[in-house]
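Here it is, the structure in full.
Should a chain be cited, it is by its letter among A, B, C, D, E and F, assigned in written order, with residues numbered from 1 in that chain.
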Amino acid sequence: MKKIEAIIKPFKLEEVKDALGDIGIEGMTVSEVKGFGRQKGHTEIYRGSEYTVDFLPKIKIETVVGDSQLEAAVAAIIKAAKTGKIGDGKVFIYTVDEAIRIRTEEKGNSAV
Amino acid sequence: MKRLITLITLGWVMATGALCLAAEEAKPDIAPAATAAAATAAAAPVDPAKAMLENTSNLRVGLDTVWVLVTAMLVFWMNAGFALVESGLCRAKNCVNILTKNFIVFAASTISFWVLGWGLMFGDGSGFMGQSGLWFLGGADNSPALGKDYLSMNPFSTTEYAGVYSAINWTPVPLWAKFFFQLVFAGTAATIVSGAVAERIKFSSFLVFSFLLVAFMYPITGHWIWGGGFLGSHNFRDFAGSTVVHSVGGWAALAGVLVLGPRLGKFGKDGKVHPIPGHNMTSAALGVLILWLGWFGFNPGSTMAAGNGSAIAHILVNTNMAAATGSLGALIAAWLLLKKPDLSMILNGCLAGLVAITAPCAFVSITNGAIIGFIAGIVVVLAVLFFDKIRVDDPVGALSVHLVNGVWGTLALGLFYDNQIATDVAGLATKLSRAEQFMVQLKGVFWVGLYTFVGALIIWYLIKLAVGVRVTPEEEIEGLDIGEHGNEAYPNFQSVGGK
Amino acid sequence: MKRLITLITLGWVMATGALCLAAEEAKPDIAPAATAAAATAAAAPVDPAKAMLENTSNLRVGLDTVWVLVTAMLVFWMNAGFALVESGLCRAKNCVNILTKNFIVFAASTISFWVLGWGLMFGDGSGFMGQSGLWFLGGADNSPALGKDYLSMNPFSTTEYAGVYSAINWTPVPLWAKFFFQLVFAGTAATIVSGAVAERIKFSSFLVFSFLLVAFMYPITGHWIWGGGFLGSHNFRDFAGSTVVHSVGGWAALAGVLVLGPRLGKFGKDGKVHPIPGHNMTSAALGVLILWLGWFGFNPGSTMAAGNGSAIAHILVNTNMAAATGSLGALIAAWLLLKKPDLSMILNGCLAGLVAITAPCAFVSITNGAIIGFIAGIVVVLAVLFFDKIRVDDPVGALSVHLVNGVWGTLALGLFYDNQIATDVAGLATKLSRAEQFMVQLKGVFWVGLYTFVGALIIWYLIKLAVGVRVTPEEEIEGLDIGEHGNEAYPNFQSVGGK
Amino acid sequence: MKRLITLITLGWVMATGALCLAAEEAKPDIAPAATAAAATAAAAPVDPAKAMLENTSNLRVGLDTVWVLVTAMLVFWMNAGFALVESGLCRAKNCVNILTKNFIVFAASTISFWVLGWGLMFGDGSGFMGQSGLWFLGGADNSPALGKDYLSMNPFSTTEYAGVYSAINWTPVPLWAKFFFQLVFAGTAATIVSGAVAERIKFSSFLVFSFLLVAFMYPITGHWIWGGGFLGSHNFRDFAGSTVVHSVGGWAALAGVLVLGPRLGKFGKDGKVHPIPGHNMTSAALGVLILWLGWFGFNPGSTMAAGNGSAIAHILVNTNMAAATGSLGALIAAWLLLKKPDLSMILNGCLAGLVAITAPCAFVSITNGAIIGFIAGIVVVLAVLFFDKIRVDDPVGALSVHLVNGVWGTLALGLFYDNQIATDVAGLATKLSRAEQFMVQLKGVFWVGLYTFVGALIIWYLIKLAVGVRVTPEEEIEGLDIGEHGNEAYPNFQSVGGK
Amino acid sequence: MKKIEAIIKPFKLEEVKDALGDIGIEGMTVSEVKGFGRQKGHTEIYRGSEYTVDFLPKIKIETVVGDSQLEAAVAAIIKAAKTGKIGDGKVFIYTVDEAIRIRTEEKGNSAV
Amino acid sequence: MKKIEAIIKPFKLEEVKDALGDIGIEGMTVSEVKGFGRQKGHTEIYRGSEYTVDFLPKIKIETVVGDSQLEAAVAAIIKAAKTGKIGDGKVFIYTVDEAIRIRTEEKGNSAV
């Protein structure tokens, strides 16, 4: 099993979710994060002093998938999340040792 | 360090003592000056009866001015209500922008109504617009003296009105009090626009439009109705401004909304409506409670005199009744049609009732006031659904509240017109039948709507051509707070979603 | 496109010009109609002395009506205060629900007090309840004329009161002004309940209870004290409603809390109290400042006439003093007992002082007012701890504030009773000693408490049997905002914890 | 269970019935007691003309008292405005602390001004301070009787003032009304300090300072100007307190800021300014709208009588005009200098305009009022930049608003002084030329500034030595809410950043 | 060393924390996430239009444990977090290459 | 490639970011988390009842780096984040199977 971790632009969340759904992936966990990379933050002004907001809002999607689904899932995410502009984000893949569904205590592929 | 402090302290205490003694000796032999706020002449007049009359006249004018100023303050306070309702019903990322718009719009209105608006509206002139004393309230005026027909408003007064603002010579208060009361009304019309065009309009373009609205458009239609113009003199009635203020604001907003188009993401390609929930229902609810309170100034204050209390009490109860039944009407309509009692609909229902009772409050009975409000509460729910259906995007329901119910209230005045109440409470009886009065109202609604809508459309287009009216899509996605103002409304809180 | 615009613009400008000219010619030959807000007869009366008297009487009534309406508006404004305090001291997930409850409760109260409440409370009848002019204020009434014993309230008036609402014939204001002032009080009683039952009550059940409370229960005990009933006529005194409004609301709330039980998770199995912090202390603090302001209407307005200013000034200073000492009392008690000056306790202390001074404000000296408030501030801290100890779950401290201090204030009137002040300020001297007055107060507290608590308990149980009073545990965990209203209060912010 | 309920219900209903009948029979034969709020003598006076005069005098006093109390309530309401502005412009982690400070400071002021402040300020005494009737308003006083020179303020009155508070014997209202109006002003001065020292001061130290400020320092300089002291009697003019209230608060704040030092992280080692954005711009904007409204009490209420309405109308329009031009001035300055229209600057601009017009509102024309406000709006933007430059850390801009513009407004009175308006509106003409008046104003600014700044510095240092003024760095980083109060302002929301 | 990542229902946090404490695990990091899975979101209404909130609030607990503690920790989490109703969540296990305590620069098992 | 996951004190974020920047690491993802460990939470009081806030605010920094940068990055983080007081936090290191830049679909080291 693999965990796919995708950092994407916030307004792409719906599309990515739908793209994953289309290939049969219906489980995922999402969090709000702040990203720092090539895309630069913006300048704000407050009471006459400028300051830079370096960190930009991003969404992190984590989904654990069976090895067989990995390729399709990554492709789907990339397709849905791409705008071609800087700041589109990253996909990271990790190996998962084990997955367990708390409700049923099922393990492995059937748990994800 | 400590020593220094001890020294300074000692010095200060000693100086205090010395000053104390010195002052004792140099005790001022002139009396402390008086704040003779009452401009009552210091020299006793010769004729005691005349003096008594003048003193009592001052008392009458004093009371009426207090009433006018206090109710005007309540209407001013509605600025806070609009700011909260409109920002609360929009997204956090546009909150600073809306607050700034609503804040500055009253400042701008103050200037434009002072410079020109007042003169166009109340200056003597044609049936179309004021022409005398146009600039800076510069015309002759001996207020609080009353016009010949209105002497009973201050039976103690012995002077008669002479001046160029005779359309408003029926209220026994000083000119500046008249100005301030009318100013806060003008400001309200401009504020209405702000909510409908929110979350996508350029700050500078909004500012320009508001300035023009209050300097030219609002005063001209206002003149037609309250300034001695052709509608008022042909029996059109609008006690406190369902048409003059609310539907004018609404028409101007509608034009703006059409020129701007809907917010990104509001309507799906499939025709589906994607609701964009407001970011702060505490703001929205507090805002409406402020407006409800403010309306106790708006309507009862439009008497512009306290009189013997019965008119203002009648109007106030009517206002409250329509707000209550409007809220309940929307509650029921939302519960039945939409399955759950949506707070934002109830809030709109309350405002709808208030807008609708604004014209007729001094012309209809309390029971009919309750009915008018209840209908308004239902109408506003349907109107919100309707505007969504025809893909007109109005983030805060300003069109449904102010335009639709401004029209409804103006017509309701005709439908429920009561000549006895018009005489006793409004002092503006027309002696028409309900059907006749309704037709007159309909005509007024038509002319004001046509003029304001077309005029606003033109101004919006000209602004669009000159500097543009809408922010870039990038800015709209990121939020206008950063784009227009470089600020964030709530920098210490984590926001959700990329919306 | 641009061409089209140019054409329209030209058309509009030309039309404007044409209208201008046309209107010029058709200049209305009738004067703009007058807003004769003052219902002063237009035709000059024959006898000038009598006319002068009538005009001055109108002035007197006008001033008193302005005072009554402005203070009533302040009391209305307390709705915003309660909405903010109660929602601020609850969790974000129930915020929309509380706002909606507090908003709609005044709308509902308006209807039920209009339809029946007023009649039951102020209609002539038995010592137990009003029986004449029950419905829609439909009875005979020639207000602002005054009852025979109260002619000094408007020495310029020449008419005497005739009507069925004689219990309130001592104030020289029009009927609708009396109604509105009493209505906002009735609404307050209902609002008090909302906070205590928050975060677990079904929206519809709350609505039904509030309607019944204002239609039946509040007016009946109100009649006993203010409506000519058996308590008021036996020397029981409650100037502005420590008992009539606050403890009645408190007893009704206590019954509701007992029927509902505590919120999930408030009390551990081990008897431990798990505090559930309020979600927005800005709301809570602003709410209490609003209530403090509103109380300047509540107490000084209960004179229902401005008089010569000395009574209202005394009452206002007493009100402010008790609010201040109540805040300081709670600050000190919290600091000593709980180690830190907890803001929510200070806020409760302020309200406690205000509730406590409500009955005695016109019967005690300023110094004693300060003492009453200070004790209230300490009492409220102890009461909050006590209710937690006996596992009565009151999210916002409504019982500690309104019930406990409503009782304390009513008794304090006896303990600190001053016959001279009762004569000069309240005009309601009983000539009893402090001990006697205390006993009378105690009896009144008892009867009102018994009647309201038992009555409310019955109504709550009946509602429980009929439709249930409490939401499901699932809904309670997820929050009532989504369950009852399908809304979220702050959708753009990330919330914390699953609470 | 159900059976029990049925039984109780039956019992209650039967008891209700029985009570109903019993009460019917025992119908009280004494009339319900009257709320003779008007202390008008019940026994008719013998001489009808004299009675008429007295009754009309009561009416005059009643109206003036209503005006004074209503405007005082508006000033009280400014506490809410300051609480919101100051907490909104600080970080979420210090929000409870600021709310608590701003809340309790008025409670504390109430006590200290009652106990001693009033006496020091208005008691008869030397040019330096009051000396009679010092404690608890305990001196002789027959208000609302008027001093000999001010009889025209209530021409119906036949009594003359006798008492020890003769510096304020020009307003025809009862003593407690005078007290309350002056109290809310004293409270304002203390509140100003709160914002400047926010986010780092110990709660207890702030409390002690505020108490001393209102008990000693504010009343003494107040005496110099309004209490019969050496500045007022030498033609120094300050109508509603640009100096008496605002710059005094500002000087005290400046001293506090210097003693405290800047917040951690505000100024980088490299001299760079690190802005610390406020956590809630909704709070800040609402707060300023509250203050704008409150100022309609502050300035027009300072007439302390409604008069014939013309003075209060003039003052109110001037106040509004300066607020509007102040906002626009700051908008323009910020847009030009800082590239974007920063909301917090616009809000400060509005307050700057209001502070600046406070002294001159009754001495200058409307046009000049607009100019004074506009300059204030520009000045405040520059002042904020300046204080940042010299590394004086004032989180909310209190110094730029209250100190700098308090001075500017006081001087502007001289620069734009108009003797005719001073006579008609203020009733306090000096007959000096503008240059002369300016010099007088300058001297007053100097003495008040010197005295208050040095005095405040001493008090702050003494407190520092005794108990410390600043919280620990750990507490400052974690936030004062937890450290000082054990509370969180928004526990249901996820906060951002470690700031 | 292993990292245990548990997605649970928010109101179970206290119980899971206590269960881990009982078996001697006193270090963990918690974050607010939104979950998407079999448990369906709810419908909200706003101004007359319905919309679905797909993502449900969940809590993510991350705790790095020595290999020996793994089994006990997973069992404790599952026991405490289970309600038996849909949406109970998942447990994922990953291998950790290294752990370092910043304060002391200790590494490996003694760092967790 | 390795993922470095650092849990640090919130006010250290700027310093750590700058330290990473200094050694050429310009991509990272940051989230707000709550930590539970040896550092104890604080007691709050609300309406007379005390309660403990166990979880302290922490910042989680995630950065994926090439194997060659690993050591330098960890050292930089530790240096910048250390205060020596309890609660300074942890650094965890994981193996990353793959990294992809969404915008360009670059993979591996050149994607981070």
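Annotations for the structure displayed:
Here is the rule we use: a residue touches a chain if its C-beta (ideal position, glycine included) is under 8 Å from a C-beta of that chain, and two chains touch if they have at least 3 such contacts.
Note that this is a predicted model, so its numbers are computed, not measured.
Shared contact partners of chain C and chain E, listed by label: B, F.
Interface comparison, D-F versus A-D: the higher count of C-beta contacts falls to A-D. Note on chain placement: the centre of chain C and the centre of chain F lie 53 Å apart, centres being C-alpha means.
Distance between chain A and chain F, defined via averaged C-alpha coordinates, is recorded as 18 Å.
In chain F, the residues that touch at least two other chains are 31-32, 44-46, 94-95. Of all residues in chain D, those that touch two or more other chains are 56, 59, 63, 66, 70, 277-278, 280, 339-340, 342, 344, 486-488, 490, 493-497, 499. According to the touch criterion at the top of this document, the contacting chain pairs are A-B, A-D, A-E, A-F, B-C, B-D, B-E, C-D, C-E, C-F, D-F, E-F. Within the complex formed with chain F, the chain C residues making contact are 273-278, 334, 337-340, 342, 344-345, 381, 384-385, 388, 397. In the complex of the two chains, the chain C residues touching chain B come out as 2, 5, 8-9, 12, 16, 19-24, 26-28, 30-42, 51, 55-59, 61-66, 69-70, 73, 76-77, 79-80, 83-84, 87, 95-96, 99-100, 103-104, 106-108, 110-111, 114, 136, 144, 173-177, 179-180, 183, 203, 280, 283, 484-494. Across the interface of their complex, chain F is touched by residues 477-478, 482, 486-488, 494-499 of chain D.
The touching residues of chain A, when paired with chain E in their complex, are 3, 17, 26-31, 64, 94-103, 105, 111-112.
Residues of chain C that touch chain D in their complex: 56, 59-60, 63, 66-67, 70, 74, 91-93, 126-129, 147, 149-150, 152-153, 155-156, 167, 170-171, 226-230, 232-234, 239, 277-282, 285-286, 288-290, 292-293, 296, 300, 302-314, 316-317, 320-321, 323-325, 327-328, 331, 339-344, 346-347, 350, 362, 366-367, 370, 424-428, 430, 454-455, 457-458, 461-462, 465, 490, 493-497, 499.
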